[in-house]
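Labels run A, B and C following the written order; every chain starts at residue 1.
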Amino acid sequence: MKSVLPILTVLFALVLIWYGAAIGLNAQWTRDQAARAGVEVSFSDILSDTLSQARPKLPAPHQVAVELYQSTWDEEVNGRRGIVATGTLSNRSLIYHGWVTLSATMLGFAFGTGLGILLAVGIVHSKAMDMSFMPWAIASQTVPILAIAPMVIVVLASIGIKGLIPKAIIAAYLSFFPVLVGMVKGFRAPDTMQLDLLKTYNASRFGTFWRLRLPSSVPYLFASLKVGIAAALVGTIVGELPAGASAGLGARLLSGSYYGQTIQIWAALLAAAALAAGLVVIVGVIERIVLGRMGMRS
Amino acid sequence: MKDMSSPPVIEAKGIGLIFQTDDGPVEALKDISLAIGRGEFVSFIGPSGCGKTTFLRAIAALEHPTSGTLTVNGMSPEEARRSRAYGYVFQAAGLYPWRTIAGNVQLPLEIMGFSRAERAERVRKVLDLVDLGGFGKKFPWQLSGGMQQRASIARALAFDADILLMDEPFGALDEIVRDRLNEELLKLWNETGKTIGFVTHSIPEAVYLSTKIVVMSPRPGRIADVIESPLPRERPLDIRDSPEFLEIAHRVREGLRAGHAYD
Amino acid sequence: MIGAWGALGFWVLATLANVWLAKRFSHNRLVQLFIPALFGVTLLVLWEGIVRGLNVSPVILPPPSMIGARIASSLPMLWTDFNQTILKGALSGYLMGCGAAVAVAVAVDRSPFLQRGLLPVGNFVAALPIVGIAPILVMWFGFDWQSKAAVVVVMVFFPVLVNMVAGLKATDALQRDQMATWSASYWQGLVKLRLPAAMPFLFNGLKIATTLALIGAIVAEFFGSPTRGMGFRISTAVGQLDLPLVWAEIAVAALAGSAFYGLVALIEKGVTFWHPSQRGRA
């Protein structure tokens, strides 16, 4: 816990830089407005104006914080369309959009992870599969798969598949490869001595897998789950970018950029960051519990 | 051969060293007083935790005693380090894998600002000294463990310090390689006349190599016995079967046992 | 239908061949290359056969032969897009971002306090969906490649920073003690010991960053670009349901990604030849 102070220092420095940048980037607009109106602006005027513009180039942290509050708690509890008033989530709240993104992410992540683990089991037990498939699986990680996500969305939409599924497919695809590569490594983690020991017990292939390979792979599983879930979330958000998607954090980003609502973009961005952080933290907590139970905590 | 008239090279008076750990203070060294003369080969032997490595590190200014005085060549260890008074050989060879053997040996020379020609000359000389003449262009990972440790000794010799401090340099090697390196180290010591401080936990090694054996005991680390070896300077390997040798070894063992009886 | 059955037959035969080869000759280098190659060809044949055999509309999935023909016929356009997106956007951003990350890592190197703070924050940011800042940067830097390079800079910065900071900390106590016994200065220790020792870590980050750079450059074009560039072409071609062109761009992106990664891996091999992970391979 001795890194709390350094982390806080770095975060504080980041916020300071953010404020500095906001003043610097937004000052031009303030000066232009003043010149047009023919008035002199003092430094304190610039300071107060740059931090409270409606459509700043870079919104100040407190503006984003206010927007975050308004589009979550305020919208749902006090808003006309909020969950308190109507019983359903408001389509203007980040909670709603975050939920849309989260559900597609989780669906895709579950499929991608399951498929990755199954295939890893096959690869560890079949030399032909290993030699045919692994070079491609590794090479595919160097390919910017994410960039074609919007195309997948549009093509699937053209044959009538819309909504959650296309985004989940992208998320599944993106989480599949890290999990596959990580699990192949994990199933192969036992060394020759451990494998030979089980051979002297005349253990079956299944026995070896169940008692040695599977437990040894658990640390690798969690390492790749963390990468996989972050990748799945990025995939879902990019999948929400093509015009036509009306819900999800990606759609909020796009509509914000379309209407020049910078504060909205930053709020959506921070919501996405919080979601990513939350997911990774949850996986991390489960990891600690499971590894602790298995006596593998480092 | 020992020159009794000149002042000691290393002199410790009432050294104490206390580490502050999470479990409270640990007394690593207590009341260590010792003088090492020029050209001596001094071994420090004792069970783990007896402070032998800590004392060697204190001589090298890698640890700082909390009480007592310690001088190296009449200076503080810190000053002695800056005047490059000693070469240090660690338990592991610690060669840089991205440098050739010759590149590793000349690393301290680069740091100390020797000229290019001087560096090449010295590297050639010390590599010959440790019998690695033809291996300058090899990389460390292409050599056996024994050869790597020889290279690390060459590196410690390269800048020609008067004092050589060695912390279990052969601890990780097998017995056969160890015997050979012991023999070579004695030869090297004879040729160069350096003062050597040598940490080990092998009794035969300590007796075979040393002119003076310092037996230490743990908790707190202190000196249990100091044995001046009557063995001649020329020592063939089979001296280890002589009665004198066995007698010294016995005394070392007694000293170690006495230290343990304290617990 | 015949095409589809033929493709399935080829698939079965090729799989049997691979199983046999893997059993008999798994240590032959040529076979090690041949097996994945045959697997790749099999996928293409299966794809071609099924699409043609079942008369799948090219609007949904064009056969590989059609994509190949499209690549051949639009080489100049593909080159323009490659130049715009990869060379101008991704590469310049990659160089700037990685350079800045290394510089910052070295700059905070003297302060363990800052490192302890930067490492978790950097690790955290590296896991965030950073592509999301693309619309903002497009607003700031305009439609041309500069905004793409800016997105790439931000995307590659943190993974490289985190790896470099970790790499500079990677030396052990013995090596630092050694430097102390030689009375080496801070800079001597940095240049002679810690920078070389950090190289394997740095290249880990640099390799991850190649893929991120391409993703950043292409995705940023979805938020606005001049009328060229791979991301622009993909989004407009999708709109016109010109799927062969989309796949052609994807093929170029895949090739560029692998080549970029391969290039960095090659440099890595030259720089970190001494690292255990590189030594085995001649």
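Throughout what follows, contacts are C-beta pairs under 8 Å (C-beta built on N, C-alpha and C of every residue); 3 or more make two chains touch, one makes a residue touch a chain.
Keep in mind that this is a model prediction, so the values were computed, not measured.
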Greatest separation from subunit A - chain, by CA centre: B
Geometric centre: closest chain by C-alpha means: C
Pair of chains with maximal C-beta contact number: A-C
Centroid distance [mean C-alpha coordinates] between subunit C and subunit A, Å: 19
Cα-centroid distance, subunit B relative to subunit C, in whole angstrom: 50
Distance from subunit B to subunit A - Cα centre to Cα centre, in angstrom: 55
Residue ranges of subunit C touching subunit B (in the complex, touch as defined): 174-175, 177-184, 188, 192-193, 196-197, 199, 272-276, 279
Complex interface listing, subunit B residues touching subunit C: 57, 60-62, 81-82, 84, 86-88, 90-92, 94, 96-98, 107-108, 110-112, 139, 141, 159
Subunit A residues touching subunit C - in the complex, by the definition given at the top: 2-3, 5-11, 14, 25, 57-58, 126-128, 130-136, 139, 141-144, 146-148, 150-151, 154-155, 158-159, 226, 230, 233-234, 237-238, 241-242, 249-250, 253-254, 256-257, 260, 262, 265-266, 268-269, 272-273, 276-277, 280
Partner subunit A, residues of subunit C touching it in the complex: 15, 18-19, 21-23, 26, 32, 35-36, 38-40, 59-61, 113-118, 120-121, 124, 127-129, 131-133, 135-136, 138-140, 210-211, 214-215, 218-219, 222-223, 230-231, 234-235, 238-239, 241, 243, 246, 250, 253-254, 257-258, 260-262
